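There are structures below to look over.
In what comes next, chain A is part of two complexes: it sits with chain B in the first one and with chain C in the second one.
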Partner chain A sequence: MTTSAVNVILSRKERFEREPDRRSEDFHHHLFELEAEGELVVQRVAGEVVEVPTKYGIAKRIPKAHLWHHKSCGQCGHIPGYSTSIFWIMRKLGYDYLDPEDQTSCTAWNYYASATSNQAAQAAVAVRNFAAAYETGFFPLIHCGTSYGHYKEVRSELLHDAALRAQVRKVMERLGKQLVLPEEIVHYSEWLYAVRDEIAQRAVRDVCNVAVTVHPACHYYKLVEGDAIYDPDVYHGQRTAAVSGLVQALGADLRSYSTFFDCCGFGFRHILVQRDFTRSFSTLRKIEVMRAEADPDVVLTHDTGCVTALDKSQFAAQAHERNVGVPVMSEAQFAALAMGAHPFKVCQLHWHSTNYRPLLEKMGIDWRAAWAEFEEDAKRLSDGRQQFLTWADVDA
Partner chain B sequence: MPTLSADPYLKRSDATGYGEVDRATKERLIGEVFEDPRFPHYLYGCYECGICVAACPSARFYDFSPRRIAQAAARRDVELLYQQLEEDVWECSQCFSCLRCPRGNNPGGIVTIMREVAVREGLASAKEALAGYSRIIYKIMSTGTQVSPDMLQPDAFPDWGPEVKDVSVNLDLWRRMLPPETMHTTTTGWQVADRTLVELYVIWLETGALDMIAQVDKGIHMILAELMEERLEEEGIEL
Partner chain C sequence: MDRIVVIGGGPAGLSAGIAAAELGAPVTLVERNAFLGGRPVEENYASITPYLEDAAMVMGRMEERLRAAGDVEVLLSSEVVHAAGDGPYGLTIRTPDGERVQEASAVVVATGFTHFDPGRETQLYGYYEFPDVIALQDLEAMLKEHHVVRPSNGEAPRRVCFIQCVGSRDRQIGNEYCSKVCCGVASKEAIEVRQLLPDSEVFIFYIDMRMYGYWERQLYWPAQEEHHVQYVKGIVTEVLPKDGRLLVRGEDTTMGRPMETLMDLVVLSVGMEPSPGTRKIAGILGLAQNKFGFIEAQQPPLDTVGTSRPGVFAAGAALGPSDLEDCASSGGLAAARAVALWRQHQTVGAR
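Our next item is the complex of A and B:
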């Protein structure tokens, strides 16, 4: 067989090793140094820990249990099955957690959209939330990609700027709180990656015939890139392994496409008041490219903004006969479905826009029967026999 | 004769279309960008390679270029930066795809700083960009959660499909059907404790974030200030 130039390039890619010249700093040393100097308090990763590989080879420590769920504005606001699925998986795997009421939004969605905040305010909000988690002894698990990225920005600013630390410490003193930073800032999809084999072992639905494309969130792997997960066994370590690693573990048909690295088009302000931009970008650069190159049954992502932009942008695009029609959800929802979660009581797919029913059928889920069960529960609540649905109800 | 910039390589005021704004004002505003403590970490120079533009979603749909932002900042081109402050910065998607810059630049970060200056200084262009956004600002600052379930109304999101109406009609019932107790809410994404809100108000007031609102929307500022001061007074917290 002759060796073509393309084959040479592809064989090199299979042995891909990232050049160390742009390696970002390992913040841990600085963090512990400042702690030793009494400048801040570090909340340690504790209990059973999984070490995962990151972009430049620095191990990241993910705690399996005793997690403080830092919820997401968008997930809780209009994709509630997203966060419910995360909780459900954690319960199924037997890991304890805390769903706190003393958490605020990171406020970064508004900050990136409107700039009606400032560096000190953003840092103080982050530290207040970290301090609230620290006071409970539970370790923060960040549900939102933007919160995760922004908190890492804030961490970097606090570690390098003594004036900012002093300003934030003063505000914290007013609140009776300490300047706390966690040892690691952990995104929920990193936790899912860390326990992916346990999830796969608990899968009750075969997903090997389900074609999946992944859209990774910009704020997960582009903002402060150094401690995002990269795995040599996922895309040869050339793309982040978050989401995709779990898809592989579940045995689904992971498919690639050429605009993998493109943003979803969310735009922060744009998704709310300039949606023509979001819709155009999501449709033309992501969904249509996936359809043409990979023909997925579902797009999985790991941030509120991405689910919103990709899912909601497809409805109006149908009027223009665009090549759309791929359901969009988080990998937490997909994993929960594979583990036998109820598509409506847990995954809450009725809050989504693009048609997900063909996917459910392919996964062997009778969505008509599931919807009838949901409506039955709804009737029980609407006629006053029960006020809320509980975890016991959804697993019944 | 139009007045040329001191440096002949820099843009002239008439070329940027803001000749009526005096040079001192522009220098003061752009000076705030340069003086921000984050700025030295966001700009190292520019190869003019265009990798940031190729990655930028906004560059595909608007007359926007992260490279132009980095170049103007690297040249200290006050005239061009002022034009960008008035026009370009609100087109950025803040996705930070531009961070793949081989020089280590962060054009999206420079835009973040420029936007903060535009808001803090109450530029008319910032007010215009944020018109229609007041409700979101009010929501996040007053409740600590950004997007509440009751915002999902068909008149606001007609392009999101008929499911929006289904959610809106069944909102209270469907929220009560969520198993996590903190999410039985309709006016906030999740239940936020009163004490936590008070702490958030202290942060907004102490850091000057609330003052920034006054520059772009006096009405929202007045409502937020009254709300926060009243709650802090109830809690016996003096600022």
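Our next item is the complex of A and C:
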């Protein structure tokens, strides 16, 4: 017997639309007010813009083109194919960008891992990078989840603390720069979400039988949570839609697991002072749980710390014959693969520790042939016939 | 002629209307719904604390008393849309037959509360994701039909738990208040589930149980001693799907350790927020509201019903979280204050 009460309960759950929440501040208002008072300069979102929904309904404006890439320390060090994939996708979709050479680290590591440094120095580093972007006319796009979360916290401090603004302005004056804040702080995965349908249209590989689990980066959606993307069509708006939204658009088999909200294990202090804890957390708490509950072909995430922790922790657990062995990469790498990117020249999967070859086979990619091509290139570089690879080589 | 206008026909509005009419004043009661009884009727509450009486019957009795009380006009499916003057007020009321203006020497606002929407919060209980995560009022409606099942498959749940303080006592989401009734209501519903499904196990996860006055003896101890409801101190942090059931994770603070346990049905004890009608009427009448949007009484604790506008009194859950006893009391007080004003206006008018 179904009863009316059950039907009412089920119909209530059909669609959830979060009310615009009176408690989360819309910082834009404050930002433009301070600009009008001459306190700071706002770099505006310009050109073609996509509006995306955030947790409490405040629309976030994501510019499609003309982006200034604020790269991640971790990407460059551990997962070079990460940033290359983002660039490659932008090129394929025809959006221009700038890969700046004067970007510094956000120094959030300093702050989160050791709590040394001070507020004004942290804010000044953030603003220096924003000012550098502003001077080029390109809009900043933040690759790293940590920088992204950190910069949003810095923005909030700067908006509410006049004394801090004065301190930072002084530092900027010495550097010959202005106190600049961008209209939005945009993470690259938000950009991918914004253009996910274009990416899906350009996909050349069928991923519908690829089972995917997502690990969302804590610093993406737990710091300044009101400013992260939540879409009613992705997990009923109850989990951040970054990464998962793209997976859905690509048509892959998105699977849930019970430790979705847990950290990847990286945890800043832990990776520094208790690496074993990080390793066991990554593998026992995340990878094994995913394996047992969702059996994914790949884990996708959107922060370099997360890719590193989840990917490179597995070898130790494998030695103990634990139930691990799932490839891990950024959703940018996965999307690039789906769009036909070269697994080694673009996605640089050879830097990853966990075996990704079965996944490539499932995606219809002949990794042996691809590896042979890559070795050809490497040979040309080693015997001096060529100095470095170019985009032309990548697509050859 | 001037009347006393009561806005809202829930427990508080009914109490106010009855009291004012019994004191001899003419009353117009304006209710937005097509029926009287407020939330208890609208949400199909099964029974009410502490005697587990049938909710519809209790509210029906109130309605009868109101209609028998004297010069009472009940306007259903109606709303106050505009107010002119500083008291007495000329209230524009939109009824199914069109708009009319009612002179009011005093107004009682009893526009009540709405349940906290569990999809809005930061904790992740998955109300919208999982059919078997429900809220107190959902369970009330199932209890009323004597049919408590897992909405996902229609089977009787073997393990049921309540999570207290969902949307209340939570600084993170900005509701820094206790909703007062949910501990009692959860205990009452837990007893009813145990009575209906004797093979079930029922748990209540709580920060601390708040049983005002006699509810301690009437609900809290019987729930444990006679009905074997298990109270676990420690708040739940998330609810996740596992093997077709719900994995409830949190902390057991008595044992001082993290806890994970599987449930078939999870009931969220959602708290109270001001109803949209309360927010709206506060705007129309220009009433001061507190930071949560409830109407602010101006001289508490001993005048709990006077608002920032002369001649406007508030009652019940429009003033903040309240149980039925609070509603009856504040409704009565608001009526007494309104009638006193009405009398003054009569005397002045007669002179």
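To be clear about the criterion, the second predicted complex is superposed on the first by the 370 of 396 C-alpha atoms of A that agree within 3 Å, B and C clash if a C-alpha of one lies under 4 Å from a C-alpha of the other, contacts with A are read in each partner's own complex, and residues count from 1 in each chain.
Criterion: contacts are C-beta pairs under 8 Å (C-beta built on N, C-alpha and C of every residue); 3 or more make two chains touch, one makes a residue touch a chain.
Since the structure is predicted, the reported quantities are computational estimates derived from the model, not experimental observations.
A.B. asks: Which of the two partners, first being chain B and second being chain C, lies in contact with A:Arg275: first, second, both, or neither?
C.D. replies: The first partner, chain B, only.
A.B. asks: Just to be sure I read the superposition right, which of the two partners does A:Tyr193 touch: chain B = first, chain C = second, or both, or neither?
C.D. replies: neither
A.B. asks: With both complexes superposed on chain A, which partner does A:Lys13 reach: first (chain B), second (chain C), both or neither?
C.D. replies: second
A.B. asks: Kindly classify A:Glu225 by the partners it touches after superposition: chain B alone (first), chain C alone (second), both, or neither?
C.D. replies: The answer is both, since A:Glu225 touches chain B and chain C.
A.B. asks: Considering only the touch criterion stated at the top, classify A:Phe261 as touching first (chain B), second (chain C), both, or neither.
C.D. replies: Both: A:Phe261 reaches chain B and chain C.
A.B. asks: Touch check for A:Arg285: first (chain B), second (chain C), both, or neither?
C.D. replies: The answer is first: A:Arg285 touches chain B but not chain C.
A.B. asks: Using the touch definition from the top, say if A:His236 reaches chain B (first), chain C (second), both or neither.
C.D. replies: After superposing on A, A:His236 lies in contact with chain C but is clear of chain B.
A.B. asks: Can A:Phe139 be said to touch chain B (first), chain C (second), both, or neither?
C.D. replies: neither
A.B. asks: Using the touch criterion from the header, give the chain among chain B and chain C with more contacted residues in chain A.
C.D. replies: Ranking chain B and chain C by residues of chain A touched puts B first.
A.B. asks: Is there a shared patch on chain A that both chain B and chain C touch, and which residues make it up?
C.D. replies: Looking at chain A, the two contact sets intersect at 22, 225, 261.
A.B. asks: Provide the residue numbers of chain A that touch chain B in the complex, in ascending order.
C.D. replies: My answer: residues 22, 71-78, 80, 83-84, 87-88, 99-105, 107, 109-110, 112-121, 124-125, 128, 132, 149, 157, 160-161, 163-164, 167, 170-171, 174-175, 177, 218-219, 222-223, 225, 261-263, 265-270, 272-273, 275, 277, 279-281, 285, 312, 315-316, 345-346, 348, 350-353, 374, 377-378, 381-382, 387-391, 393-394.
A.B. asks: Sort out for me which residues of chain B touch chain A in the complex.
C.D. replies: Of all residues in chain B, those touching chain A are 36-38, 41, 55, 57-58, 60-62, 90, 93-97, 99-100, 104, 112, 115-116, 118-120, 126, 129-130, 132-133, 136-137, 140-141, 144-149, 151-152, 157, 159-161, 163-164, 166-167, 170, 173-184, 189-193, 195-197, 199-200, 202-204, 206-209, 212-213, 216, 237.
A.B. asks: Which residues of chain C touch chain A in the complex?
C.D. replies: 44, 117, 119-120, 122, 124, 126-129, 131, 134, 138, 141-142, 144-145, 147, 149, 151, 154, 173-174, 238, 240-242, 247, 293
A.B. asks: Please give the residue numbers of chain A that touch chain C in the complex, ascending.
C.D. replies: 1-6, 8-10, 12-13, 16, 18-19, 21-23, 225, 235-239, 256, 258, 260-261, 293
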